[in-house]
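Listed after this line are the structures, all set down as structure tokens.
Both complexes shown next keep chain A, but they swap its partner, so chain B is in the first and chain C is in the second.
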Partner chain A sequence: MPLEIPDINWSLLMPQLVIVSTLLIVLVFDMFDAISKKTLGWMTIVGAGIALWSSIDLLQAGTDQTQFNEMFRIDSYSLFFNIIFLVSTILVALVSISYLGSGDKKQGPYYLLILLATLGMMLMAAGNELIIVFLGLELMSLSLYVLASYFRESPASSEAGMKYLLLGAFASAFFLYGIALVYGAAGTTNIPEIISKLSVGDQLSLLSESPLFLAGIFLLIVGFGFKVAIVPFHQWAPDVYEGAPTTIAAFISAGPKAAGFAAFLTIFVDALPKLPTQATGVIVLLAMLTMTVGNVIAIAQTNIKRMLAYSSIAHAGYVMIGLAAANPDGKSSAMLYLFIYCVMNIGAFGVVIMARTADGENLMISDYAGLGFRKPLLAMFMTLMLLSLAGFPPTAGFVGKLYVFKSAVEARHYWLVIFGAINTAISAFYYLRVVVTMYMREPEEELEFKPYPPTLVIGLVLAAIGILLIGILPSLLLDQAQSAVQSALL
Partner chain B sequence: MLIDYLPIVFLGVFAVLFAAVNLSLTHLLGPKKPTRVKLSVYESGVQPVGDARQRFSIRFDLIAMLFIIFDIEVVFLYPWAVVFKTFAENEGSGLFILIEMLVFIGILLLGYIYAWRKGGLTWD
Partner chain C sequence: MTADQILFFIFGGISLIGAIAVISFRHPIYSALSLIVTFFSQAGLFVLLGAHFVAAVQVIVYAGAIMVLFLFVIMLLNLGTLSAKGVMTGKLKGIAIVLGILFAAQGIYIAANVFKDTEVGSPEAIERAAALADNPIETYDIGVLLFRDYLLPFEVTSLILLAALIGVIVLVKRENRVEN
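Moving on, here comes the complex of A and B:
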């Protein structure tokens, strides 16, 4: 058998290559202790910035190609997700620099692991093949397990890492088993090929009803469901978010969730119309459950990190609406929603970091009493992020929800939209409760806050500008997302 | 089609029967003269000492992980060495895959030095 080297167009792989080289540079500098560890954070930001720039460049050039024998897809869809991941990475790195402290010798591997996780997410979004998706998933998850337990001295952090590792490894096994069954039934792991095998002409093929294939598909749903924390696979999320370092909680709730959905949408938006209607029913049911359980349990939380954890579960439910719609509009609105969600969620966690006193973080919602007038900047950021999470105009959260609901109406999932609307009302209660606590309650004791680190403020200002800009001019992003979906259809 | 698997069923049944018959026969017919040594746990001829449920140093974990990483490196090298000649016959592609492998080993070497510098190879 003659062997040939596949044609590799390196310029298309620029975003990934830049991240790999940044990773190696950070590794070398971390190794020799020659420079301050804070500089490593800046290197990460610069590297992710260059990768972001080259992603945008490729996106505007309208790239649509596959690489490595059709294993890797460089099109506007994967590039749009690259932008989500890289923006999240930059924001998290900005927030982290001051959070970890300059004296900490352990800052080096922190950025290394963040970059590795980012690379894994980019692989997941670009995967045209279930094996590549799995590879990216593992690269991302393994880095996150270590990051969750990064504060080794804190029992809560170790517990978070351990729980995440055990449950995550279990979910990966489900996912892998799903891939094996799908491969057994379809005879290929190439995603477009699997989807094309589901129909013959206008008719559904035998494959779409083969029990083996359906079992595989449902195992894939379980695997993805765990990674993006949809009910009933969400139990790990509150514990991990609470125990992990706050910056990492922000990171886990943003990028990896978007990455999980990137692969989820690639497979299911095209596959759902060709599967028996029960499959859509399952997705609709999961979306309803996720929204309701997430929002209702969030009401009962007194710890702000746990509240944000349940709120992020509920947001996964809103994205699932776009998935259940299973039309091009659903896909693009889910992409838009994920971008907005990542920015506002990292922002909200950033404010939690901002409210630090000398003896640690103030995580109880009651600690925020009276901050409205004592700490106007902090309270302003918090209010903006929470209003956006609740979906008030003119913030980005409103735009995101609007387009997701619109796509579901077009797909005639009226009940899903009604559920979503009721849930938005429920969620407004617990988001606004924090705002009310800040502005209308007197504090029980005077808390002495640490001065705000400049990098953290820069990160929050960027997030706030992003939220308002997208809220007022949604077409900036929506056009990109829609053209990304359109090009995938051609 | 299932009939093709009949020999496997026979093999299974025969294996179970063979073991069961032999074990029960020796149990029924064999003479029994137990001593303390005969009744003790069989540890491949070594005298059993202490409890098996000991705690191991966590450092073994690190060594095992490093071993696996560099073991996998070699696993990649073997197929590469096998196909190298086929590639080398083509113009230019031999150099390409040589450089590719050097990059791979280079990255692993960086990881090795990293583990070394960070004290991953020292026991204490």
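Moving on, here comes the complex of A and C:
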């Protein structure tokens, strides 16, 4: 009996195929000592660039199809997220080339793991099936555990990897158990099918009240909550960001968070209106907690990496506002916010790397004193990134917050918006404190800064242009995000 | 007694003898080797049930790969013969006895309730096994599931294994320090 070969339209899978080929090429070329390790970094950038180009190409063609038995979606939603992941990967790779230098022999696997993690994220965003989402999550997480402990000589890095692995494994178990319970109640792991089973005509079905199903849904929230670091599942984030190599901290804070939210939004924006109101209440509560705890604890931080870690927790809270709104605008504004957040966060971490001196990284906020006069370019980048993170116009951060809050107003979550606004004010305090330190305080000691590596400057310039461009012309991205959500509705 | 029944008792008997041998030998290598006997005879039981694929996997994965892993660990740890008293002492022994009794009670309860209508090796049971053997879940069906219906998860799993493999090498590889 010949096995029917499934009909696969390879051209739709271009972005993923390009990433897989690139990582295999990097794997093979890593064996040759004659090839400089920097070349591997450039290969990664070129591969991700081609994948980015083909994603944009597919997006413009208005592709809306599924492959592999409806397990894998190629629609504007997943393609939009592909763009977020690939832009993050390119920026991180650019920053990494100079961060790692050319001396270290172990760089091949570094780029390989970044590509594998990127592929996992793309699968999470494209997964139309809980199994695919889970496999993508595992592919991404496994690569990140190793990347977090990449500097084996540093105890902090090993500790970061270990903590991330242990807590991540727990979260994966919760997530998988949630999938099992949802499957047990709904009889399928296909996400649109599960959502359609929640209602019969205009009425909610019995499934939406079934304790088994709700238990599964809450376990999924716990699993996702860990991966995107929302309070109270956030404790790992500051330790991991602090201990991991700074480039990897930038990477973990950007792409994987967007990927977690990609799958989170796929399931919950459509499911929340069909679940008991308590489910929305839980999401609203988590969003409030996440914003408040993240911002308040960030004030007390003296280490810039930890401050950025708590700020990234708070930003997850802002994205949760869009999720809690659970309307098309909420979804598209969350997508927009994630894009902006990724670019500005990688930018901020990039500046931290740029402020390195000969004897290591300067991670204390007090080290930035007087930077405004001595290193005007660096201070300018930092100011721009921090203003954007705080949400000042005309930066992209302002646009992102504006649309997220707007969607919550439409959904009548007024308290959520008030909380968000108060938190934005709190966050302005600690972001601006760094700016004030840079421009208005005398340095305590003279620090010898390393010369700026060109790739890092390229990465930062790209991020800065992106932030200003989106800040001034938000429709460039917002239209894409909105049409992505619209096409899913039709 | 039909041939199937005779084979069932042969394989079942060998399986039990192997299992008892695992816990009675004092040398861990002997225990591990006895476990192979149990795995093989269980593969035979699977064949009798018409589950040829499971039988093959049982031999390849359990009797093959997992046993090699066991033996490696035993040899790496360089475990010698256990002392005559064994590892079970004091409190541990008490816990073991309590858990053992609980486990046995559970087994007897299930056997008495769930399987009370089916006498193991009875003509009906064999008839059912034969019916299954006539229309078995073949390797082909599993292949269809893996390579057509669940092709993408299957392929992604291979990438996850690649990531795990590379990760392990990165984390444990000893660095060749270059003197400069």
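In the analysis below, the second predicted complex is superposed on the first by the 486 of 490 C-alpha atoms of A that agree within 3 Å, B and C clash if a C-alpha of one lies under 4 Å from a C-alpha of the other, contacts with A are read in each partner's own complex, and residues count from 1 in each chain.
Definition applied: a residue touches a chain if its C-beta (ideal position, glycine included) is under 8 Å from a C-beta of that chain, and two chains touch if they have at least 3 such contacts.
This structure is a prediction, so every number in the text was calculated from the model and none was measured.
Novice: Do chain B and chain C fit side by side on chain A after the overlay, or clash?
Specialist: Aligned on chain A, chain C clashes with chain B.
Novice: State whether A:Val28 touches chain B only (first), chain C only (second), both chains, or neither.
Specialist: Only chain B; A:Val28 stays clear of chain C.
Novice: Give the label of whichever partner, chain B or chain C, reaches more residues of chain A.
Specialist: More residues of chain A are touched by C.
Novice: Between chain B (first) and chain C (second), which does A:Ile131 come into contact with in this model arrangement: first, second, both, or neither?
Specialist: The answer is second: A:Ile131 touches chain C but not chain B.
Novice: Which partner chains sit in contact with A:Leu142 here, chain B, chain C, both or neither? Use first/second/both/neither.
Specialist: In the superposed model, A:Leu142 contacts chain C only, not chain B.
Novice: Contacts for A:Phe72 in the overlay, against chain B (first) and chain C (second): which applies, first, second, both or neither?
Specialist: Only chain C is touched by A:Phe72; chain B is not.
Novice: When the two structures are overlaid on chain A, which partner does A:Pro6 contact: first (chain B), second (chain C), both, or neither?
Specialist: second
Novice: So, A:Leu123: does it touch chain B (first), chain C (second), both, or neither?
Specialist: second
Novice: Can A:Val269 be said to touch chain B (first), chain C (second), both, or neither?
Specialist: Neither partner.
Novice: Following superposition on the C-alpha atoms of chain A, which segment of chain B from the set 26-34, 44-52 or 116-124 overlaps chain C?
Specialist: Once both complexes are placed on chain A, chain B clashes with chain C in 44-52.
Novice: Could you pull out which residues of chain A sit against chain B in one structure and against chain C in the other?
Specialist: 3-5, 27
Novice: Mind listing the chain C positions that touch chain A in their complex?
Specialist: Interface residues on the chain C side: 140, 143-144, 147-153, 156-157, 159-160, 162-164, 166-167, 169-171, 173, 175-176.
Novice: Quick check: in the complex, which residue numbers of chain A touch chain C?
Specialist: 1, 3-6, 20, 27, 67-69, 71-72, 105-106, 109, 112-113, 116, 119, 123, 131-132, 135-136, 138-139, 142-143, 145-146, 149-150, 152, 161
Novice: Which of the residues in chain B end up touching chain A in this complex?
Specialist: Chain B reaches chain A through residues 83, 86-87, 90, 93, 96-97, 107, 110-111, 113-114, 117-118.
Novice: Can you check the complex and tell me which residues of chain A touch chain B?
Specialist: 2-5, 24, 27-28, 30-32
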